[in-house]
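Note that chain A is present in both complexes that follow, paired respectively with chain B and with chain C.
== the complex of A and B ==
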């Protein structure tokens, strides 16, 4: 058996990113057919597919070429996931889904930037590809938001959604298992939470200064505790896989 | 919302071709939405979106007069046929 080149701490670190991308992609694609207008429902699902692509590349790296990627993803126990609350929570209203898309994608490129000079060459390539795509994800989210903010009823709905989402974003930035080793080994260039001020300034440039209380540190669970909405989401993800778990796709 | 016509061009010498249309509130969103709706599978390398309002449309019948001018239809085949018959005449003569 080939000796693993990635330590378990590094795998945990990458798994947090892969799981975030996977669930974010899943959540976006669930808007197919029901987004407010046809063009947007296609676009949103297409962006979701990009996120699924990022997840798939990260899972492949974590599993080091194993053919058991599907089994790994679909057979894991909920407590073995390392996703954050932001991507697990069920935001049923369109303004919440759009606001989460904006907030997540304004944070995502800051995360990929950490890999640009990674000691792992595969990660450098993956991050370059992802960063190219993320530019358009941000443009999509921001162009929609910019237009909706001009309408007072839309603006108040978006601002309310934003207030609910900011605390979840804080957890996204601050609780990544394996981060210390990821930095010391050169896998990433720094702590993700150091990028939070950049994210916050993006938010405040677009939406105005927010209540400081929203940024008060909350009690983070290091991504080991699943959101209440995770179980039904996981059920939908596994629905087809469980019809025939041994099938080769 | 406005309607935009979307044109795509593949790499190389291909010309821009109409790909479809899209509804969007602004030019920027038209580009962004067209990108996700029409180029997801690398259908082109260049894209135009044109606000339908900016297309000059000819009035009904404006080009109908040219439908029945057979002398303008040079299809090559007839010329080739004529040249072949000339060659045959020469070699037979």
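== the complex of A and C ==
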């Protein structure tokens, strides 16, 4: 691995993606054993595992070959995380978890696409691998949602969940620290928020035209403020690590 | 002159063939297409480059440890590094015919080779896909049209 090529701004930029992937993976895996049916139980386990894998590749890149990856991830204070509200919030109802999966994965490939011609060769390789895995995530989410939308009671529950999640997705796209330098250095090919119209058209192709008010931009913090649900989540993800911080997994 | 006997790249390759996938005892990681490259220098330092089936595979540490332990025992080997590469990306097309046969016979697991239909390992009938996600990250679920068995299928 190339040593110290990444500026602190670029590391912040990559950290935002890594933390999103990490917490999204964690949230998915929490459905193991309690998803409404077996196929979803297994799908959420596998999809969550992929997101955790993507996170670990990004963390490894940020830490430039250091072996202290776990210590770096789990010893950070809440204010040092750069995750977005969408992955921190606690969506306890199944329809909300499914809609978050759909919304997040319909946004994730658009984010990896920005790295396809990255000035950092390792990032090009990571994005190729991730994009291959993400194709299955979108297929899975969309096939299930398509079927559920045919049932009126399911449809109304999904639409209600979607309306709650869209504002969180806007924040996912809008506020990435270090983005200006990531673009000027050629790390990424453009601003993530420029992909928002693509995401919105995917949403409206599947769910129909949504109320314009849902897409009104609000004032977003640059991922420095944690969601109210972060604290208990932070406790759960550190629980096992703190039992034996030196353990190799 | 250094008269110490040093294992060859071929010896190392043969030793790695003895390392099995933790999920499929008896099936070599080499036959599953995980070995990419072996580097050996004249003072006995070995670098083994492997590729993971999936980035989030939880067995990576275990496999790396198994490889290290078996190579460290070879004559003249001073140091072993096992490195997981991000490229090339693993695909089922790296699985050898031998592993495909063993997976079918010992585990009734099919392999979804690109451009080929997934056949039932029990009765050779055609199958239909039930779910892309199965009991582990690298397996999907198919159902056999002949014997109605549920078939786990190794996939990309």
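Throughout what follows, the second predicted complex is superposed on the first by the 244 of 249 C-alpha atoms of A that agree within 3 Å, B and C clash if a C-alpha of one lies under 4 Å from a C-alpha of the other, contacts with A are read in each partner's own complex, and residues count from 1 in each chain.
Definition applied: contacts are C-beta pairs under 8 Å (C-beta built on N, C-alpha and C of every residue); 3 or more make two chains touch, one makes a residue touch a chain.
This structure is a prediction, so every number in the text was calculated from the model and none was measured.
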Clash or fit (per the criteria above) of chain B with chain C on chain A: clash
Chain B versus chain C as contact partner of A:73, first or second or both or neither: neither
First (chain B), second (chain C), both or neither touched by A:140: both
Touching partner for A:170 - first (chain B), second (chain C), both, neither: neither
Chain B versus chain C as contact partner of A:37, first or second or both or neither: first
Touched partner set for A:122, first chain B, second chain C, both or neither: second
Partner chain in contact with A:46 - chain B first, chain C second, else both or neither: both
Contact breadth on chain A, by residue count: chain C or chain B: C
Residue range of chain B overlapping chain C upon superposition on chain A, of 45-53, 63-71 or 81-89: 45-53
Overlap of the chain B and chain C footprints on chain A, listed as residue numbers: 39, 42-43, 46-47, 49, 136, 139-140
Touch list for chain C against partner chain A, complex: 54-58, 61, 86-87, 89, 130-137, 141, 156
Interfacial residue positions of chain A with respect to chain B in the complex: 37-40, 42-43, 46-47, 49, 136, 139-140, 143-144, 147
Chain A partner contacts - residues on chain B that touch it in the complex: 1, 22-26, 28-29, 32-33, 35-37, 40
Complex contacts: residues of chain A adjacent to chain C: 25, 39, 42-43, 45-47, 49-54, 56-57, 122, 125-126, 128-130, 132-133, 136, 139-140, 248-249
